[in-house]
Amino acid sequence: MEYQKENSIIEAMQLEFPEAAFTVKKARRIEVKLPSKRLYDFAVRMQKKWGFLHLSAISCVDWINDGEFELVYHFWNYDEKVLVMAKIRIPREKGDSHFETISNLWQPAKFFERDIHEMFGIYFDGSEDMEGFILTDWTGPPPMRKDFITREYALNFFHYREYEPQWLKDMMAAGEGNE
Amino acid sequence: MDEKITQRSVWEKISAKLSKRSLWMLHYCTGCGAIELPPTMTARFDMERFGINPMVTPRQADILLITGYLSVKTLKRVVLTYEQMQAPKYVVGFGSCTINGGMYWNSYSTMKSLDRYIPVETYIAGCMPRPEAIIASFNELINKIDRGEANSWKDYYNNYNFYKENQEHTFEGPIETYNDIKADAALFNIK
Amino acid sequence: MSKIDEVRDYELFIGPNHPGIAGNYSFKMKLRGDKVLSAKTDAGYLHRGFEKLMEERLFIQNIAIVCRICVPDPDPNENNYARAVEEIAGIEVPERAHWIRTLVLELSRMASHLFSLGGHAATTGLYVLANWTIADRDRIMELFEELTGGRVYHIYQLPGGVRRDFPDGFGRRVLEVMDYIESRLPDYDDLAINNSLFIKRATGIGVITKEQAISWGVTGPNLRACGVAADVRKDDPYEVYDKLDFEIPTMTEGDSYARMIVRRKELVQSINIVRQIIDKIPSGPVWNKIPNPLKWKVPAGDAYVRTESSKGEYAYYMVSDGGRKPYRVHVRGASTTHGVHVLENLLAGSRIEDASQIMFSLDACPPEVDR
Amino acid sequence: MNTVLWIVFLPILLFVIGTFMLGYSRKYVARIERRYGPPIQQVFYDIFKLMSKKTNISHGWMHDFAILMLLGGTLLTMYFVPVPGFHFFAQYGDMLVIMYILLIPALGMALGVGETANPNGSIGISRALMMLAGYDIPFVLTFIGFAMINHTTSMYELIQVQQAGGFAGWGLISQPLLGIAALIALQGMLGEKPFEVMVAPHEIATGPMTEMGGKFLGIMMIQHAISIVVELTIYINLFLGGAVNWFDYLLKLFILFTALISVNAVFGRFRTDDAVRFMWKIPLPLAIIGILFIIF
Amino acid sequence: MSIVSNLLLLTLLGVLLNVIFYKSEVVQKYISLIIFAILTYLSIVMYPLVGSHFEIPFLIAGQHIGFTITYLNYYFALMITGITLLTVIFSLKFIKGKEGNTHYYTVLFLKTFGMLGVILSSDLLTFFVFWEIMSWSTFALMSTGGEPAHRSAFKYFVFAVTASMILMAGVILSYSLFGSFDFAVIHGKMASLSLPMTGFLLTIFITSFSIESAVFPVHSWLPDGYSNTFTTFTAYLSGISTRIGIYGIILFLFGVFGIQTVDKLGIIGKINFRYVFGIFAALTMIVPTFTALYQHDAKKLIAWHSVGQGGYMLIGLASGSALGIAGGMFHVLNHMAYVVLIVFAIASVEYRTGTTNLNKLGGLIKKMPVSYLALLFGIIGLAGLPPMNGFVSKWFIYRALILGGYPFLAIAAVIGTLGTILSVYKLIHNMFLGQLPERYNDVKEVGFSMQLPMWILMIVVLGLGVYPGLAMGLIAKIQVSLGLAAVPYALHGIKAASGQLDMLVVSAVFIGGIAVTWIIYLLGNRRKHVGQYNNYAGGNFLNKSVAYNFNYEFYAALEHVIDPYRKKIIERTERGIASVTDAVSEYIRRIYTGMINTYGIYVVTAFVVTIIILKELI
């Protein structure tokens, strides 16, 4: 049967997290959608019980139309050789956009959480270091949010070299060259 | 420009002839162009043939090679480093990013035109330019020094207000470098 | 017996303008005497906002910029990007393209390892090795130039395959370069790897135990130097790695020297892989045509793709909302762990002499951290 | 009159020799690194360029004076070391004087660098002084042993004694243990790798030179050129039988220097404590054994 | 004749006046200044009287006791009065308003009285009595300056009492052997004594003086004792007080016993009494010097050096050659000049900043250039580099050791010198170089009365370096008067067949070199001074909140190398000795009342008891 290994893992997990929705995306990729409150418990089990020792990454997606942030935790199991993507959604509004840290479980989470904090403005409660890192000299809004348009910002803020040769003007006049 | 060349004394001409043979480049990898520096320095292209050596601190260096794009954060350090360098100093802008932002023309983080912040002596276009291009630009710089035209560093003292304005705009405030540019200008008999 | 009234610790800045730092990166060390009490990394000097730029460009436009995320080893970026798009859009890739991609990845790995070996040796003052390896790396650069037209950035792997097929006689030239590099390896051994002074400098420096390595999220050669035989090429095979015969070299010491040895052994493995590829590569087309890229809408979906870059696990998480541009691309650089907290952990308690060596031995690549 | 001519031209002569030797060493190392290398007169260009810099940063009067003390001290040492045809000052100061005036430039630089208020520089100086403790003990011990057999501390007389004995009279031949110990110590004295802990660009950003630029660095390079020749000459005078004429002298300089930079080219650098430990574990016991041979 | 009594009586007068006017600091100040000026004048004009003898007008145990003026005495008297005068000038402002300054000058006078008595005495009994006075007043000197000073003074007390006991035993023994106290008489009868007995007697005396001059391993009282008291006292104690022990050694080794007698005391082969003594001296040079590397307090660092430099003097004396002995004696003067100069510089810094902690200071060169210069002259002298005076005496010593065939003692001297260079650079770097902490931004240079002694000493340090003959004349005369060969000196160096020294030429060439460099320097464009924050920091911005100064654990790497040995050997022995002395001094502390008059009572009691005991015994 296809995806035997993946399905047996899902079975074990489903027992403890009946509310979670598991799908096998392809070989060695399991996707799970969780309520955000259960994520920490899930992470603890992942590490302590199911042997997912490697936190590959934490990704954040800004679903601006839904008013939600999606956090995707990528866990990897060195023995079973399976990657689990745990997806949760948290509200996007300013006061609510914080979430609990898992950096006490996985050291790599420190960087990812700090990065998400800088880029999206999500605060991770309980993380020891939420200071500026990459954007220490940046004063604008968190740039990875969808409502920040880098092109507009750059065009307004930076000085551009004035360079308008004739061929470019011709092209523009002909209505070409956009995008 | 032409007037200045004719005004040069014999001593200055000899001085230029000798000085151009020794140019020390600051070892500062500001952007992705830094990847082409090791090949330039080492056995394949060996820029030491021209007397160009990598140097560690800005006090020792003559050339500030801006290897590619500069994020605002780096640009601050570059300005500081440039002010710490000792005149005569030459800035070489490397890669398209230093000219007009290049690939990152719409990035919120990188500056778009280097010569608004510090005076640039030569540019190398391309993304990324090959080691041969770096050496060619160095040779161009050497020739400029020989002809007595490599005086862009004086612009920084002549037009300091222009540079300062741009810096303060981009950095959203002044930066404290503990360098007294006005006093330096007096040292060079500028103004 | 003398009582110390006040201990005066001081700070040193390694980078961004410092030869002891790889790339434009910085860490600030708090020191007492010659001992590092704590270190704090500072990144962002190379931040260009790639993830944001990708969201504002077409799928096809992004191919040109992804390779710039990691400068010494750009091909895993292209590969990841291409595979992520292929996975979401369900595009098939011709068999030959897979093989060529694998070849490019391995050549890139070799180039990066050669670079890293030289840089690592140079931190102890052994500049000869740096001169030799970087010059030898240029032979691989020339192969790239012949194949793709670019020395450093290749922009070669597109969704659906690769941009062009081998030029005439390319396979033969690849083998020649492989023979040449193989013949140079004993020289590297004599000069650095078996150099008693280098061994003295490098052993016992920046030791990571197996347990620490796993809990700190160390990957790639750095992990294999601690005795964990984990490699994305074997564990989560992509392209044609499952059809190739190669080993995963490991060491158990976990120190700076072990990391160098692992890289040195991987060079041999890569040479081996490249030879197999040239030997076995099937013929056929190299690119399946994709729809008009300017109007191409990739269906909604997400994908997490991983490659084993020369630095470690390199992953992209791509989300498409069915539009012409990616909705979100998250780049998980290999150095996000190595360059930040692994480095900080290793530096604390080390000596100032070894700080730069630890940095280079981890082979952390700052642009991967900054993006 | 002859003496006056020597006094005037000796510094210039040694400076020229020193710069060419430095240029040669850069070329030589470049060739080992499979590079083409700079022209042999490159060091002249460098010094000229540095001297003609328009800005010269200094951190205070000690920084200014240190540079005078640096080259002044080196010139002082230079005059007291006999070279073929010139040993006028050798009668006013013996080898002991030379050993200690050799430290004046080091002290001068240490003070000047201290004033630059840069920890990289201070660490570099601290390393330089620690290396001094490392190499100077074996080096002085070899000299003491050599002076003891010959009952003189005058360098000129030591040369005479060696030359009287012909080739077998050379210090290196008659006292091989002392000669070898001193050779290793000499490598440390010149600050060549593997004992180049003072500069160590990857660790402390060239240490003492961190804040040196323009004419300050230029004078440091002049001093470096002269001091290399002086230090090699000391070794030649003590262990290679001095030199009979300038051809002999230049030949010995060349061979000795090539031997040292060959080691320099293919080694990394020690950690500071390892370097000191090495000096105390290899050359020092060698010198002690050599002296025990002399006593018994 | 009268000069001797004047000298001693004047000092006693000083004690008296200071006790009377103990409430008025101003009166004390000027009285002391005037009296010490007179004392200095008197000791200078004593020169024509060399050779004369002065007897105390009563007999003790049927013996004439009294004082004599010899070249050796004259040399030391000059040093004592000179340096005391400079100390007083420096103290005028320094001790103002400091706790315990009411009896500052009193103990200074008492101490001077004791020292002058010791060096001028012509017989064992007078010597011993004044020795006691000196020890007691040293104790008083050390214990001024608060609780730690009391503690460490008691440590000294234990050692001093031991030394006195041993010395007394020697006095009694020699009286019973020779039937006389007079040095000249004893010297005359020395040849008749059996060799083992001579050796025993010499060992007794030398041991006693070794404790006073802090020879390894009985040096542990010195560093704490000297550094916890007033900094001016540190100068005074390091400069001259310890060296009275050296005086005793010179006197007994060459004056009383005679070098011929000493050389007969062979043990095995080349190893004789002098050689064993030399080994102790070598250890004294090396161990404390390397301990100094670890110090975090400027005063303590110098105190350790003052132990270490004693080793040079002793090793010079132990070498037994004319050159070495001259070097040893010359080094006493040189050491006094530069160490007092160094401590004055430290005191100036302390005066302005309130601390001598090397970890807290830094960058003061911009604020206190004269003090910096003083310290620079001092450390160049201390490190023994040309053209300062320390080099000359060290040169004598090295050369004597090399040509005398003591390679290992010579290398010990070299190791000591290297250790000294390392630690003095740390001293000057941590105090004056590096980054200036913000809190010292408005520090000013010290006033004229504190600068004057420093300028004088700078001239002395440089002057004796360039013209060592100024002092060598006297030293040669001392050597002749002690029956030794005189050193072949010239005004600016030494004339010898194999390798010589001409400091004037060395200095002139050095100045010439500097001049040439200056011309080269002027060829370049003008230099520009920049501030301390305009500095390379890897491209980062500096400001006052960045701790950008390296001074703690300055020689960390060297410490890695020597720590294992140091920990094993030295600290264990030191701790052993220290624990014994600590225990004893703690016991003694219980009978200590802490008042100045108790010292006086102690001194008087000891004096009386000693005389009674002596009378009883004899």
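Annotations
Should a chain be cited, it is by its letter among A, B, C, D and E, assigned in written order, with residues numbered from 1 in that chain.
The criterion applied here is as follows: contacts are C-beta pairs under 8 Å (C-beta built on N, C-alpha and C of every residue); 3 or more make two chains touch, one makes a residue touch a chain.
It should be emphasised that the depicted structure is a prediction, and the values quoted were computed from it without experimental measurement.
Listed by label, the chains that touch subunit A and also subunit C are B.
The minimum number of touch steps linking subunit A to subunit E comes to 2.
Ranking every chain by how far its Cα centroid lies from the centroid of subunit C, the top place goes to E.
Chain D has its Cα centroid nearest to the centroid of all protein Cα atoms in the structure.
The interface carrying the most C-beta pairs in contact is the one between chains D-E. In this assembly, the C-alpha centroid of subunit A lies 39 Å from the C-alpha centroid of subunit B. Mean C-alpha position of subunit B lies 30 Å from that of subunit C. For the pair subunit A and subunit D, the distance between mean C-alpha positions equals 60 Å. Centroids built from CA atoms put subunit E at 65 Å from subunit C. Counting partners per residue, subunit B has 28, 42-43, 56-59, 73, 76-77, 81, 84, 106-109, 184, 187 as the residues that reach two or more other chains. Of all residues in subunit E, those that touch two or more other chains are 526, 528, 530, 534, 536-540, 548-551, 554, 557. Each of the following residues of subunit A touches two or more other chains: 136-137, 143, 148, 150-151. The list of touching chain pairs reads A-B, A-C, B-C, B-D, B-E, C-D, C-E, D-E.
The part of subunit B that touches subunit A in the complex is made up of residues 72-73, 76, 99-101, 105-109, 111-113, 116, 166, 169-172.
Against subunit B, the residues of subunit C that register as touching in their complex are 16-19, 23-24, 44-49, 52-53, 56, 64-65, 68, 71-72, 115, 118-119, 130-132, 134-135, 137-138, 141, 151-153, 367, 370.
Across the interface of their complex, subunit E is touched by residues 11, 51-62, 64, 67-76, 79-80, 89, 91-97, 100-101, 103-104, 107, 110-111, 114-120, 122-123, 125-127, 129-130, 132-133, 136-137, 140-141, 144-145, 147-148, 151-155, 157, 205, 210-211, 214-216, 218-219, 222, 271-273, 276-277, 280, 291, 294-295 of subunit D.
By the touch criterion given at the top, residues 10-12, 18-20, 34, 121-128, 131-132, 135, 191, 195, 197-198, 200-201, 351-357 of subunit C touch subunit D in their complex. On the side of subunit B, the complex with subunit D involves touching residues 15, 18-19, 21-24, 42-43, 46, 48-49, 51, 56-57, 59-60, 62, 84, 86-88, 184, 187-188.
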